[in-house]
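Below, subunit A partners subunit B and then partners subunit C, in two separate complexes.
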Partner chain A sequence: MTKILGKKELESWLSSIMKDRTLVAPKHVDDLTLFSPVQSVEEIAFNYENTNLSPKELFFPRTDTLFTVERKDSEMEITPAVIEQETVIFGIRPCDAWGIATLDGPYLDDPADSLWAQHRAKTTMIGLACTKPAPQCFCTSMGSAPNDSSNVDILLTEVDEGYAVETVTAKGERLLQGVELKESDVKPSVPSCDTDVPAEGIVEATQKVFDDPYWSRLADRCIHCNICAYVCPTCYCFDVRDRTDRGKIERIRTWESCQSKGFTRIAGGYDPRADKGTRLRQRFCHKLLYFPQQFGPLGCVGCGRCVTACPVNIDIREIISDLQELGAKVGQGSN
Partner chain B sequence: MGADFTQQIRDKAKELLEKGTVECVIGYETGSDGVSARPAFIHDPAEVDRLVFDNTCSHNLVKYLLNKKGKPTAVVVKGCDSRAVNLLLSEKQIERNQAFIIGVVCPSVVEWGWNKRSEQIQKRCDWCRQHTPVVYDFLVGEPVTEEPPPDFADVAEMEAKTTEERAAFWREQAERCLRCYACRQACPGCYCIDCFVEELDPEWVGIRIAPQENLMWNTIRAFHLGGRCISCNECERVCPVNIPLSLLNRKLEQEVLSLFDYRAGMSDDTIAPLITFRKDDKLGIGE
Partner chain C sequence: MVKEATEKVIPNPFVPYPATLKSVIDLTPDVKLFTLELDRGEDEFDYKPGQFAFVSAFGVGECPLGLTSAAHRKEGLQFAVRRVGSVTNALHQLEPGAKTGVRGPFGNFFPVDDYNGKNIIIIGGGIGFAPLRPVINTILDNRDGYADILILNGARTPQDLCFAAEFDDWAKSPRTKLELTVDAGDENWNGRVALIPDVVAELEPSPKDAIAIICGPPIMIRFTLTKLKQLGFANEQIVTTLEGKMKCGLGKCFRCNVGDKYVCRDGPVFTFEQISQFIEQF
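Here is the complex of A and B:
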C-alpha cells in the first residue's frame, strides 16, 4: 500500500511547520526559481524543473561568519557561530539531496566542519521526486534516479490524489507525527531520465587524460567566471578572511572557485595553476578523479545546472564523453 | 541569411588558415544542445565546416582577442561586437595588424534558449543602431541604413521611481548577486590584470557576498565602463541571476552622450572622455 498525503493536507502540514521552524521552499523570484524562506504556502512554487541555484547554500551559505572576536574588559572573547534555528527544506530534488550527502565527505570527515555539522543536524529535508526531468539532467547516469529517496528524510511523489509519501529517516518520521495519511493502492510512476552520459570508468579515463592538450583547447572557450562552481551542488571551496568593524573582528568565509585567477596563488606570488587550461582541468579532475579517490562518490550528481548556466556551453556531459574517448586511445597507445 | 552567411564565413576562414594569414579563427559553432551557438576556435582548415552563423550567435568574441596577443587571429564580429574592436584598439590592448576582422551585418540575435530556439529578440538589439560593423577586413552581408537611435526609455522609467524605490530595487538585485564575476569575464572592456575587487591592499570591496558589498562591486564596475561600454550587453546575458545590468550601463551611456556627445567604440583613435583629460574640458568648477 502507498501512503498518500492530499494536496490540501500538504498545505496545512507545511503551514504548521512554518509556525516553529524556518520553512525553505522553491519560490518564483522574477523569472528565476530559488530556494527561499517562505511565510505562507502561497509563496511556494510547486511546479518547477529545478531551482536555478542549488540548495547547498542552506548548509554552506555564500557568506558565513565562523566566529567573532570582541574585547571585553581588556580580555579577548571568542564566540564561535552557533546555528539555533530548526529548518525544514521542502521540495529538494533527489539529485540535490545527494549533492548534500556527497559533501558530508569533505565536511564531516575528521575534523568535522562545525557549521556544516550544525546545519545538517538542524535541517530536515522533504524531497520532491522529479516527474518530468529536464533535458539537461543526467542523474541516472551518475547512479541516482528522479525518485531516489536515499538522501532525504521524506520523499513525496506527485500522484493524482496528492502526494505519495515515503518516510525515510527517524527525523522524517518525527516531522510527520500527527499528520494523517491515507492508504491507497496507487503506484507512483517512475519517470525516466533519458540522457545517457558514459560515467562508468570515468575515474581511470580522467587519470589517463591528465596531460592531454584537450584541457588547454577547452580553456580557449572558457571565460573563467565562477558560475559553474556557484550553481553546483557539490562545489565546496571557500576563501577565509578577517573583517574588522569598530573593535569587533569577524572571521568569515565566502564561496570561492578554482576558476578564479589567483585561487592557488601562494605567498611569494607563485601560482601553480596560473594558466587557464590547468584551472579548467582542476574543476573536472576534482569532480571526476580526486573526489572519488578521496571520498568514494563522483563529485557530480547530474543536476545539469552548470550545463545550462555556462555562458559558453562548457558541458560536463560532453567532457565526460570526450575523456572516455581520449582515455581509450591512451590505452591503445595511439595518443 | 543563415546558410549563406555560414558558407561565406567558412570560405574566408579556410582561406585565411590555408594561407597562414592567421593561426586561429574565432567564430561560432553549434552547441551541445544542437540548437544554440557557442564560441569555436578553429586552427585547422579541415575543420572550418564546424563554423556556423545564425541568430543565436550572441557572444561577443572580441574578448577572446585579449588571450591571443602576438598571435594573428581572425574573429567573427557583429555590429555591436565590432565597437569592442575599436575600444581595444584605442586603448592599445590589441594590434590592428594581428587581428583579421570578419564582420557580419547583424540580423539581431535572440534570447538564449536551451534545447529550443527562442523567438525573443534580445533587448540590446532594440537599442542597437549598429547592425553593420564599424570595422572589418571582410564583410558578410549587405550594409544596412540605420534608424536614428531610440531614447533611453528604460533609464527614464527607472529614474521616475523615488529614491527609496530605486534603493529597494537595487538592494533586491544585489541580494541575488553571487559575485561570480561572469559580467566582468564576458566584458570586452574589463581587462585589468588585477581587478579592484580582488585587491587585498587596500581592500576596496569586502569579500562578503552580501548586498552592501555586491552593490559596491556592481556600481564600481559600471563606473569603470562609463563611456567605454559598447552596449553588447553580454554582462546581462551571462548573469546567472538575471540582474538588469544594462540599466546601470545605459544610464552612464546616456550621461556621457549628453555631456560629451561620445559613443564608445565608434572609431579606433578616440579615447573615452572619462579616462582622458583636456585643458578645455568643461568641468563645471569655478565657471
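Here is the complex of A and C:
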C-alpha cells in the first residue's frame, strides 16, 4: 500500500511547519525559481522543473560567518558561529539531495567542517520526485533517478490523489508525526531521465586524457565567468577573508571558483594554473577524477544546470563523451 | 556516505588560538621574524620541522606560513614573513603586544629522524629558507646523529639573505659547511654571485648516503632538481616542501591541490619520488 498525502493536507502540513521552523521552498522570483524562505503556502512554486540555483547554499551559503572577533581594550574575544535555526526544505530534487550527500565527503571528513555539520543536523529535507525531467537533466546516467529517495528525509511523488509519501529517515518520521496519511493502492511512477551520458569508466578515461591538448582547445571559448561553479550543487571551493564593520570583525567564507584567474596564484606571483586550459581541466578533473579517487562518487549529479547556464555552451555531457572517446584511443595506443 | 550528520558538537576548525605578538625583528628589508606566544600555552601545539600554521591579521584575514622555529628550543612560535600581500602587509604593521591568532600546526614534516647517519644537503632560496631553519637547528642540536652537513642559502641580494645572525653558529658547527650566494652583489659583498642551481653544480655534493632538502620558488626547485639528478641523486633522496594557495589547511577549500593530492594535508613535504607520480605539475 502507498501512503498518500492530499494536496490540501500537504498545504496545512507545510503551514504548520512554518510556525516554528524556517521553511525553504522553491519560489518564483522574477524569471527565476529559487529556494527561498517562505511565510505562506501561496509563495511556494509547485510547478517547476528545478531551481536555477542549487540548494547547496542552504548548507554552504554564498557568504557565511565562521566566527566574530571583538576587541575590548587589550583583550580579544573570538566567538564561533552557531547555527540554531531548524530548517525544513520542501521540494528538493533527488539530484540536488544527492549533491548535498556527496559534499558530506569532503566536509565531514576529519576534521569535520562544523558549520556544514550543523546545517546538516538542523535541516530536514522533503524531496519532490521529478515527474517531468528537463531536457538538460541526466541524473540517471550518473547513478541516480528522478525518484531516488536515498538522500532525502521524506520523498513525495505527485499522484492523482495528491502525493505518495515515502518516509526515509527517523528525522523524516518525526516531521510527519501527527500528519494523517491515507492508504491507497496507487503505484507512484515517474518517467525516467532519458539523456544517455556514458559515465561508466569515466575516471580511467579522464586520467588517460589528462595531458591531451583537448583541454586548451575547449578552454579557448571559456570566458571564466564562473557561473558553472555557482549553479553547481557539488562545487564547494571557497575563499576565506575578513569583513569589518565599525570595530566588529567577522571572518567569512565565500564561494570561489577554480575558473577564476588567480585562484591558485601564490605569494610572489607564481600561478601553477595561469592559463585557461589548465583551469578548465581542473574543473572537470576534480569532478570526474580527483573527487571519485578521494571520496568515491563522481562530483557530478547530472542536474544539468551548468549546461543551461554556460554562455559559451561548454557541456559536461559532451565532455564526458569526448573523454571516453579520447581515452579509448589512448588505450589503443593510436594517440 | 552518512544519512544524518552527527548531532555532537564539533569544534570549529577555522577558529584560531588567540596569540600575542612577543617580538618583531627585521631579517631583511621586506622580511620580519615574528615570535608569537599562544595565550593558552603551547602544550597542545606540538609541531615538527616543515609544518605550517595560519596566522591572522584580524580585520584583513589569515595566511599560511611555515613555522621557522624548532619546537624543542621553546623560543615561541616563529614565522619569517615576507611582505607580499594584504595579510603579510598587515602583519608587518603589528607591534609587540598585538593580539593575533594561530591555527595549526598543519601538514606533514621533514622526517629528520629518518635521516640519521646521513650526509645532509640543505638548499634554500629567498624566503624559501624559512621552513628549512627548523630542520637545520634540529639537526645541529643533535649534531652527532648526522654525517656531513652542507647548507646553501641563496637570495636576490646580500641584504635579502635570511637569518644572517645565525650564520656564524651554523658555520662553526663541526663538519658543517655554509655556502651563501646572491643573484646580484653590492659593494660590500665578497661572496659568490651565482644562481643556486649553478652553485649546486659547482659544489658537486655526493649523492652517497645523502639526502638533499630544497625549498624556494618553484622555478628554483625545478632547476636545482635537474642539477641534483645530474650529480646522481635519486628521486627519493631529494625532498622539498611545496607552496600552494590555501584557505583552510584542512583539505576542504580545494585551492592547493596538485592533481588528487593536497599540499596542505598530503604535504607540504614531498620527496621527488612522490612528485614524479603527480598527474599535475606543481
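Here is the rule we go by: the second predicted complex is superposed on the first by the 332 of 335 C-alpha atoms of A that agree within 3 Å, B and C clash if a C-alpha of one lies under 4 Å from a C-alpha of the other, contacts with A are read in each partner's own complex, and residues count from 1 in each chain.
Rule of thumb we're sticking to: contacts are C-beta pairs under 8 Å (C-beta built on N, C-alpha and C of every residue); 3 or more make two chains touch, one makes a residue touch a chain.
Here the structure is a predicted model, which is why all the values come from computation and not from measurement.
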item: Contacts of A:11 with subunit B and subunit C, given as first, second, both or neither; value: neither
item: More subunit A residues in contact - subunit B or subunit C; value: C
item: Which of subunit B and subunit C A:231 touches, first, second, both or neither; value: first
item: Partner chain in contact with A:312 - subunit B first, subunit C second, else both or neither; value: first
item: Partner chain in contact with A:239 - subunit B first, subunit C second, else both or neither; value: both
item: Contacts of A:115 with subunit B and subunit C, given as first, second, both or neither; value: second
item: Which of subunit B and subunit C A:204 touches, first, second, both or neither; value: neither
item: Which of subunit B and subunit C A:217 touches, first, second, both or neither; value: first
item: Touching partner for A:62 - first (subunit B), second (subunit C), both, neither; value: first
item: Set intersection of subunit A contacts, subunit C complex versus subunit B complex; value: 239, 241
item: Interfacial residue positions of subunit A with respect to subunit C in the complex; value: 66-67, 69, 71, 74-76, 78, 80-81, 101-102, 104-109, 111-118, 120-121, 151, 169-171, 207, 210, 236-242, 244, 249, 251, 253, 256, 258, 263-268, 270, 272, 278, 282, 285-286, 289-290, 293-294, 296-297
item: In the complex, subunit C residues that touch subunit A; value: 1-7, 10-16, 18, 56, 58-63, 82, 84-85, 88, 97, 99, 101, 127, 217-219, 243-245, 247-248, 250-260, 279-282
item: Contact footprint of subunit B on subunit A as seen in their complex; value: 29-32, 34, 52-53, 62-63, 135-136, 217, 220-221, 223-227, 229-231, 239, 241, 243, 252, 254-255, 257, 260-262, 276, 307-309, 311-313, 315, 317-318
item: Subunit B - residues contacting subunit A, complex; value: 31-33, 36, 38-41, 59, 63-64, 67, 114-115, 176, 178-182, 184-186, 198, 206-210, 234, 237-238, 240-242
